[in-house]
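In the two complexes that follow, subunit A is the common piece, with subunit B as its partner first and subunit C second.
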Partner chain A sequence: MSFFGFGQSAEIDIVLNDAETKKKVEHKTEDGKKDKYFLFYDGETVSGKVNVTLKNPGKRFEHQGIKIEFIGQIELYYDRGNHHEFVSLVKDLARPGELTQSQTFDFEFTHVEKPYESYTGQNVKLRYFLRATISRRLNDITKEMDIVVHTLSTYPELNSSIKMEVGIEDCLHIEFEYNKSKYHLKDVIVGKIYFLLVRIKIKHMEIDIIKRETTGTGPNVYHENDTIAKYEIMDGAPVRGESIPIRLFLAGYEMTPTMRDINKKFSVRYYLNLVLIDEEERRYFKQQEITLWRKGDIVRKSMSHQAAIASQRFEGSATAEKALAQAKEDSN
Partner chain B sequence: MPATQQSMQDDQEKLLDEAVQAVKVQSFQMKRCLDKNKLMDALKHASNTLGELRTSMLSPKSYYELYMAISDELHYLEIYLTDEFAKGRKVADLYELVQYAGNIIPRLYLLITVGVVYVKSFSQSRRDILKDLVEMCRGVQHPLRGLFLRNYLLQCTRNVLPDDGEVTEEGTTGDINDSVDFVLLNFAEMNKLWVRMQHQGHSRDREKREKERQELRILVGTNLVRLSQLEGVNVDKYTQVVLPGILDQAVNCRDSLAQEYLMECIIQVFPDEFHLQTLNSFLRACAELHQNVNVKNIIIALIDRLALFAHREDGPGIPADIKLFDVFSQQVASVIQSRQEMPSEDVVSLQVSLINLAMKCYPDRIDYVDKVLETTLEIFNKMNLEHMATSSAVSKELMRLLKIPVDIYNNILTVLQLQHFHPLFEYFDYESRKIMSSYMLGNTLDNNTVIKAQEQVDAVLKLVSTLIQDQPDQPSEDPDPEDFAEEQNLVGRFIHMLHSEDPDQQYMILNTARKHFGAGGNQRIRFTLPPLVFAAYQLAFRYKESSSVDEKWEKKCQKIFSFAHQTISALIKAELAELPLRLFLQGALAAGEIGFENHETVAYEFMSQAFSLYEDEISDSKAQLSAITLIIGTFERSKCFSEENHEPLRTQCALAASKLLKKADQCRAVGTCAQLFWSGRSSDKNGEEIQDEKRVMECLKKALKIANQCMDSSLQVQLFIEILNRYIYFHEKQNEAVTVQVLNQLIQKVQDDLPNLEACEEAELIKKHFHNTLEHLRVRKESSEADGAAYDGLLL
Partner chain C sequence: MSEPTVADTRRLNSKPQDLTDAYGPPSNFLEIDVYDPQTIGVGRNRYTTYEVRMRTNLPIFKLKESCVRRRYSDFEWLKNELERDSKIVVPPLPGKALKRQLPFRGDEGIFEESFIEERRGGLEQFINRIAGHPLAQNERCLHMFLQEESIDRNYIPGKVRQ
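Entry: the complex of A and B
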């Protein structure tokens, strides 16, 4: 990087220590493209080398110091100028001086705290990156390397089902039940819907997964809703007493763990929206928030085991079904 | 309307055509992707193909065609995947992957397709997957789409359902119970969808909807077929799980169309051995069906099937521990009880099939048949039915019911053992009773059923009394004479079936019959009493035959003749003359021939009765002539009269003959009388012929004299020729008084008169008669040596 065509210039290259074996994951960038990045977890040491390569070997290279930073920051798109860094670690690699040849510097950020998950949203981005800087009098030479952080959660201790009775008086009365309230990202939602009273001509029923990204605070709160999935679960008009199974695999959709009030800057929440559409295209719906979390990788299983997972159904604890069954018996 | 119908049809064709085209394009793409091993793309095209089945625009028929086209394509996919899996190229999470399809119809079709591949390839997952498929299909609640989806499920799984006796790999899951649960659940859901169709759309389309439902019923029925094909569904499983499951659905769906079909389906699909073990529960369910259901047809179908089964030669028959008849009898009764609105003809139809059952399965149990009749009777009593019109359905059914024992037993005596036959009979109106009575008599005659006992005679005649006596409810106008005659002739023929080997019994039979027929009224007795009289004469002859063993035979004969006398007198009272006259004459002959003590008195009485009938009652000249001819003839045959009686009778005959009105009649009758004086016999001369030459000649001369008085010349010639023939007869019999001269004279007379006759057909006949007479004489003359008569001097 030479401005005047003379003098010495250098290039920086950051190489992670276990780059050969380190797992990479896809991550969406702001422009919507997907790239592969090294994957890190909270508390994991980030170590590697910074290679400074001189363009003109043999010539001296003066600098004001070489450092490497580990930064986690939140960028709000409406406030481009301000980056909120929630992690910022610095390691000096070399005191101001001269380099006479290309040189490699080892670095290590031990047990780095990475509290949040990398995220690229509609209005906000949370990113982690390494930045190597060679300070110079006129212009610094820098190099950044993005990494992706996944926040793993442990299995939630309390994970009750979501059960609710909703309806419109004398018109439609249903009870639905989802087997859990917290799902990991490769989980499957199973549930059931009981029709207790049906006096409208339902055409079909679907479950939508809605992502709601909330940014800003106070009066400047911004909501961005995004329908991640539209999933038809019933075709035609049921009658009283029917129970319709729900089974929705999450792995196929691009989702992140639920993020609540990340650094007081933003939230990403997920909702299941149960929608009934009648013959006049009227929509009746009920939203329920679910919590998504990230679980460690699933071990590969045999085909029949896969099938067993893929065919799981929610047998239901709903009281409605029992009540209906009882009612049926009584009427006979 | 036809125009819109046509356009609707065109629309359907167009829509179907478009859909099928889309299917072709997408499935072609699918196959190309499969060839290139691009499974995910192939699945996407498969899903697109299946998207066509989401339509609501197609009629059931068009939808079916589309479904068939698509299921062919899916079959290709299934085979591909099965092959791939067999080669070890397993696609991880395939069962999960297909579930990402956003629309439920394509998703579930794919799930089934892939599911079956899993079941085939990884038998450990069989139980889970089958259960999953049938449960997940609940998502389709649209009747038409749901029915076809579940039909697809049923079709795809038909070869992979767990069953007894199958050969499986280790670790295979699922047993017969899973299969039964699977099919039963699928059946229940399909039935619900099918029933639901009825309640969708406008009520004005009801008929169309029912028609469409009828077209789709086979889809529901296939479930039952599948159950019946499972080896593991044995009698026990059927009794304990399968049938209760089906019946539960059938009864609780409260849809008459479904109930009717399902019940019939059960009967047809499952083997007879199963039905035999589940009669009670099946029939109990019948009682609970919708009022609109034609339960009758269902029960009849079952009965007919079992009756056939019982009858089958290679079959095991009805197990002894199953009281088939009792069960049916009770259950049918409770079905009827539970269905107050059931038309009475249907009630009777049920009894018809019960009787058929009893007849076919228990041919010896007359009591069963009677039990059915009793039940029917009780029902009628409760319904307070009066005489049922012949045209009414219930009357027709009752006739069907009552004809069965008649037809099967082919013996009216067996029918008589049915205590409740006759009371039921009384529910018919006049017309039906008549038809039925004729039917029974016809049957008796066809089968030559001999009725041997007085009580039986009494019972039969009471039963068919409609034909025998006037009825309070008979129509006031007279019946068609021909029909009436035919009917009464039948009764007359029937009398000959009343026959006991024991003469005394026979006598009682006749007396009983006489009592019944005697009350028949003037129109009937002319048909019914004569056979009875003849039967009496016949009986008298039988007594004579048994004279050596029966000391009292003569007394009995006398009684019989007074019976006959009485009977004939009844006919006289009915203002009949010729018939009783003939019967008297017949009686006189019979009495004479039998020759019991007092027979002459009897014969004389009968003859004199005939005479007085002749004198008092017969006025028509033609009838008089034929009557007197008969009397003369009968008298001529009688040998029983002493001279004391013979003389007045023959004189009376001659007198009566000469008193006839017309000369020609007189002439002929007097001529006939001549016979009496020749070949008549009286007992005094040991039965020798009288051969009173003088009196014979007197008669003939008198006849000639009368003929001379005849004005009609052709008639006169005819009479002359007839008299000539009489002369010739007596000449041949060697009556000395008849000489050749007499003959010549008469011949000459005729020859003189003949040419004067006007040429006509009649004249020709007369000439021919004369010619034949002369020809006869010529022959006799030529062979005159053969007999004693002399022909010398005969001029021909």
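Entry: the complex of A and C
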């Protein structure tokens, strides 16, 4: 807020050091729009400059201190007053005093822990941001800059298939199988449905991916279900002994990794829902949870410019380094 | 030099289907016809009955073919029994047509040919939807309705087991 003609005012903005080369990713905002933000990983250093620009150069600008904070917080939409901060770092840039000209301050948050992935959902938001503040007597001047954090994983050691026989006694028996229980975001679900007994008139069968966001604890638990995908795998009536294949490419759908009990505040889980529909529009279904994880990008072995930057990017993060090494191994 | 990993999308192994299963008759055959409306009685005690013929190969039904005569109130009885005892959402019956039963109508009221035909179609749709429901197939009332000569309203409700 500036007082017209009265005294001095200033603008504040934040610029990251590697803004030119740093990768940006798209992330949904609360009102559904998509914006691009700088991408960071766990353990990466966050450094840059805070520019304080005086509106009237030459005139004195008094302030009660200039600082920059790096914050990671969880916001529950139904409880906006309370932000749950799980990362909170602060760097003082200037002690209370005055500025006579515009000034730039360097800052560095070294090897910052970013334990969770950025998430914008139906009832909850997890975000990371830098906030630069000029404290003043009447009103502070602040500027926020959101960043996006991705959490990477490696190929899980144990990844058993899901195989089960289900049905309605004497009416419908099927055996379904999915090749894995843990899939990365660009993976393919390969499976099959085997019909052991069919005494109802089936019209078609589909597989749905359902995302369930759970917020709250104890008696106040909210579940938000969202059907991310519907994929028809069979059209027509099967008979005993038929096998229907499933091949569902996940890369085409907007999904996040599975998030379990994040900071004891919320969870995001994914389910495969196998649905059979009969000629009277009756639905028979079987839901099965799958774990989704995010794979690090593959890096070329030759030490190109990109590889040099990428390996710098993962500096200091044990998990991310392991993910890179694993990805390199797998691609050989 | 590394290339992006190609996803393994090969089908999972499955047993080849037996040809007798592949070309055999489907085991879900169930057809119920509601037809041949007959108006019985005279004057104010008239009522209409319909023939309900069922053909099926589902093992839960004792008779593979059956033929009975039922009237509208029998269908209402079946609907009430199922609403009380089974967990299914019972589909609606065609209307009761109380207005048609009032005196001083210009037409035949509930014995009007077009009305009977409309009702016959609605009853056929109703019984087919119910009989195909796996949860309704367990109910004694449904089996009695479809396959016994007359409905014993003092029967003991319960479930049918194969």
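Rule of thumb we're sticking to: the second predicted complex is superposed on the first by the 295 of 332 C-alpha atoms of A that agree within 3 Å, B and C clash if a C-alpha of one lies under 4 Å from a C-alpha of the other, contacts with A are read in each partner's own complex, and residues count from 1 in each chain.
Please note the rule applied: a residue touches a chain if its C-beta (ideal position, glycine included) is under 8 Å from a C-beta of that chain, and two chains touch if they have at least 3 such contacts.
Since this is a predicted model, take the numbers as computed values, not measurements.
Chemist: Counting only touches as set out at the top, which of subunit B and subunit C does A:S243 meet: first, second, both, neither?
Modeler: both
Chemist: Could you say whether A:G252 touches subunit B, subunit C, both of them, or neither, answering first, second, both or neither?
Modeler: first
Chemist: Of subunit B and subunit C, which one touches more of subunit A's residues?
Modeler: Comparing touch counts on subunit A for subunit B and subunit C gives C.
Chemist: Please work out whether A:G58 is in contact with subunit B alone, subunit C alone, both, or neither, and reply first, second, both or neither.
Modeler: neither
Chemist: Quick check on the superposed pair: does A:E280 touch subunit B, subunit C, both, or neither? Answer first, second, both or neither.
Modeler: After superposition on chain A, A:E280 lies in contact with subunit C alone.
Chemist: For A:L172, is the partner it touches subunit B (first), subunit C (second), both, or none of the two (neither)?
Modeler: Second partner only, subunit C.
Chemist: Is A:Y194 touching the first partner subunit B, the second partner subunit C, both, or neither of them?
Modeler: Touch status of A:Y194: second partner only.
Chemist: Is A:D235 contacted by the first partner subunit B, the second partner subunit C, both or neither?
Modeler: first
Chemist: Both subunit B and subunit C touch subunit A; at which residues?
Modeler: 237, 239, 242-243, 245, 247, 249, 300, 332
Chemist: Going by the contact rule set out above, which residues of subunit A touch subunit C in the complex?
Modeler: Contacts found on subunit A: 168, 170-172, 177, 179, 186-188, 190-192, 194, 197-201, 237, 239-243, 245, 247, 249, 278-280, 282, 298-302, 328, 330-332.
Chemist: Which residues of subunit B touch subunit A once you look at their complex with the stated criterion?
Modeler: Residues 54, 90, 92-93, 95-96, 99-100, 102-105, 107, 118, 121-122, 124-125, 128-129, 131-132, 135-136, 138-143, 145-146, 192, 196, 200, 252.
Chemist: Using the touch rule from the top, collect the residues of subunit C that touch subunit A in their complex.
Modeler: 1-5, 7-12, 14-15, 17-18, 21-22, 24, 26-28, 30, 58-60, 129, 132-134, 137, 162
Chemist: Enumerate the contact residues on subunit A facing subunit B in the complex.
Modeler: That would be residues 204, 229-239, 242-245, 247, 249, 251-252, 300, 303-304, 306-311, 313, 332 of subunit A.
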